[in-house]
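A short write-up of the structure that comes next.
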């Protein structure tokens, strides 16, 4: 099979670069963040490290939602929907914890 | 999306819609509504993990230490790669590069398959380590801390449910790739790729959540 | 209705101060309910008659600002009911915090019986005898599924959980015998899982502990053996094996496979436990019971037979003799 | 997706409704009559009829089980049937009525049929998904029926662990699978409605021109989407625990069965509003139509629907006050439960105010609506008794609870269902039912219902626990009364089945708008043509544009 890039014109290469810049950058950012978490998980540098780990996860999740899933480019309704589920998870977890943390 | 679609790329209107814009908006909203339900489905399991951790911290940590951390991490990398190839497929579909799109989709499916293979190997390793408490024929490695099996069981339910989603996703993706390789697909059903891409990214997102919740924070 | 049926009471007996206050709360809430519902019922009926199609009625808009009305009928009923939240919550908190000097009764729920153990060691099954004028704390757990102990006379109930203890406390101030129920659905004989709670004067309670309680204790010990040796697994109603029920068996005639009839006395019961598949077999059942010869010590055998002697058919549908 | 996405290449851009020429006589019922055209239809109206037929079947099964329960309770000592039979009867009654009748009842039938008509669309956004949801529903029903045929289930519809996972010897697994599967059908229906209401409204049909029926269905659909997945997970965990010993609730290993109850009620409390809200929508259509008057406080009623759907997610713990939940949780859940009173009061008082100075016709649908308002008020307020902590400690799990939720479910949802069925029957079938018979049954059902369930409030207060196969003799009088009421109620249910079916062939042909009602569904034929409207419907100036309009303040133009 031929190298697909070899047949591309200069215009196409520019187009490709423009189109793939965001996905590739996101990809690299996600890998970097994962590396942070894996390092923290493997070394356990201090007791409350899980807080940092969860913060890193929150950043990864927002990155996927906003950039990979293109929520920032969507109309307000879709943005609302993308956040709605998380809000409801917060209700479920929060209200359940009023039981478990107070037993 | 930041840029419009190339010429000859678009969506054929179905009879009950008034405009193509309406049809695209409906499809996008529909998949987001579905993703909300997926999020809540998995979050209920994450909630159970949290409560198990609160009720039995030591046993949960003991069980989590037995999970195959490095396989989990590798699998996360695999899924992040598949997210990239899926994003590429979407971009190719928008600029009308059908062949590149099909290849990116096949790569995505292959990465998904790799994830499942690694997951299968992980289950095998769990089996070898006597980490399957539900098998009456193999005594549980952590039998002296009974609550450990709660977390281990939850790990199986959560990862199996995710694997089922991934398996379904791969099957759908392959079916769609077969259709997408035909001439004229991009002029009629370009938004299928976009809609499917959202699903794939979301399965990825669920794993991005599941990996730390199961493997990392309880270590 | 047959004449010996207990009469229907329209207000259940309340034997503690908390129970009486709960009644008051319910009555007050009922007054509020009437205040809120009767106007609606009357209005609907009146409007339906007054404004029927074709009737001569003024249908001119009244011109009242509707936002004001809306907000008033949103908030007024809500604020009124909030009074009841506060009242109910206060009462609830009282009923959740037992005084430290409460007498502790251990309660164990299992499918389908309650076992109560008094601080002095006496135990009883399904029924409970308690002194009045003293705080009582029931310390409750379940051996299998979730049950709930419900004592209507003190207006309280609480789940019996399989994994941790729950508490129920009250201070009765009236003597009498009242119902005791399981109120969390727990399987086949859920409705039979209960008995009576008897509140007694402290002196009578001491008396009961030394006489009937001790006897009850022996029976309860036999019942534990009945469970421990697995008799219940086959002989209790609802078991998969469908072995004959032993309730009420003692002293009754038993038809044997060879046509004879014997009375189920101590000797026969003893023989059937030790050597179930020997002679004098009962009619109509398969001989699948294992022999207990050499597996059950003589003193335990005696207690088991004592239990069988006192074991009567479950008291379903039996009325509690309310005794105010 | 931005608007630029819509300029895509080969989209066909025909003018509106070219199908109108395909044959004006062919309404959706007669367009095609093969079996295949029914079972593979993607027409929302036909799917609604498929649902209507199937849920009627389940209603009959559930009602039969209820009859068995009421029969058993005529005597206190359980002489009529064994405890196991009784337990299975009430479990079947609960499972079938909740999951196979009440939850799909109004949304999957009336909602399916009417939402596209009311918003002026040709169909739901995803017609194939709509058909899929019916097949998913039927496969869930299949599993549940399998469990019933094999010997039944005895866990109660709540499936509490560990009774359901480890102790029950009945066919729990197929029932669990059936209920899990049926949840997906709810999700698909809800998803379809949400997307349809957002994207398929006719030009000019703004949110505040939508009938309240559409608003309540929107709220219901949000609950479908946000609550149902959680019970799916909870049930999957039960299935794994019972079927494969992969359990997380098992107390033998330190698991907490109360956690199952949290997940269960996170869905099942909002599910109450899945059953109630669509009924409120139906009543909000019937009352203005039969008073010939604009709905009072339209915007408040609309917002109250969304309010109810949101508040309902914060109160589930009031089902668990005595179940070992922490005192803090009980206090929080109790306090929040009182907030439900606000939007409920908005609804009830606005309906009452709508009747005020109207021009009333007391036809069958209106009789049901008036019955609904009265019974719903009682059911709702008795719910506040149960939300009051100290009262709950006494009447939790007694017949008071049974009476309370039957006032909501039967007095509310079933009456609204029957009211709506009569109201839109001409639209569904093109035939008029017999009005005298309709009124007789409505009155019969109202009386039968109250005789059946009012005594249960007293029984509960006297302390009779629910789910009891045998009970103390002093409760017999009230139980016999209740069973007697159930026979009246049964008669009230049988009449409509007979005269409605009769009307299919012998009923008078219905005009397009027999009630002189407002709303786009009345602008098209009875029954509607295959693609709903022959010409694009004119969206009205305001919703509920009835002759009599209460003068409302300026900011209340809606």
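Should a chain be cited, it is by its letter among A, B, C and D, assigned in written order, with residues numbered from 1 in that chain.
In this text, a contact is a pair of C-beta atoms (placed from the backbone, for glycine too) under 8 Å apart; a residue touches a chain by one contact, two chains touch by 3 or more.
Bear in mind that the values here come from a model prediction, so they are computed numbers and not experimental data.
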Of all other chains, the one whose Cα centre sits farthest from chain B = C
Averaging each chain's Cα atoms, the one nearest the global Cα mean turns out to be D
Rounded to the nearest Å, the gap separating the Cα centres of chain B and chain D is 34
Find the geometric centre of each of chain B and chain C from their Cα atoms only, then give the gap between the two centres in Å, rounded to an integer.
-> 50
In angstrom, rounded to a whole number, how far apart do the mean CA points of chain A and chain B lie?
-> 13
Quick one: report the Å distance separating chain A from chain D, using the average Cα coordinate of each chain.
-> 39
Mind pulling the chain A residues that touch 2 or more other chains?
-> 73-75, 77-78, 84-85, 88, 92, 96, 100-101
Set of chain D residues in contact with two or more other chains | 1-2, 198, 226, 230, 254-256, 258, 266, 327
Graph class of chain-chain contacts, one of line, ring, star, complete, other = other
Chain A residues touching chain D in their complex are 73-75, 77-78, 84-85, 88, 91-92, 95-96, 98-103
Within their complex, chain B touches chain A through residues 1-3, 25, 28-29, 32-33, 35-37, 39-40, 43-44, 47, 50-51, 54-55, 69, 73, 76-77, 80-81, 83-84, 87-88, 91, 94-95, 99-100, 103, 197-198, 201-202, 204-205, 208-209, 212, 215-217, 219
Within their complex, state which residues of chain D touch chain B.
-> 1-13, 16, 19, 121-123, 125-127, 187, 190-192, 194-196, 198-200, 225-230, 232-234, 236-237, 240-241, 244-248, 250, 252-256, 259, 263, 266, 531
Residue set of chain D touching chain C in the complex reads 76-78, 83-84, 87, 154-156, 158, 160, 162-163, 166-169, 251, 254-258, 291-292, 296-297, 300, 322-324, 327, 330-331, 334-335, 338-339, 341-342, 345-346, 348-350, 352-353, 355-362, 370, 373-374, 377-378, 381-382, 384-385, 387-394, 396-398, 458, 461-463, 465-478, 548-553, 555-556
Which residues of chain C touch chain D in the complex?
-> 1, 5-10, 12, 18-19, 21-22, 25-26, 29, 33, 36-37, 40-41, 43-44, 47-48, 51-54, 57-63, 65-67, 69-70, 73-75, 77-78, 81-82, 84-85, 87-93, 95-96, 111, 144-146, 148, 150, 152, 155-159, 161-164, 166, 179, 181-192, 237-238, 240, 316-320
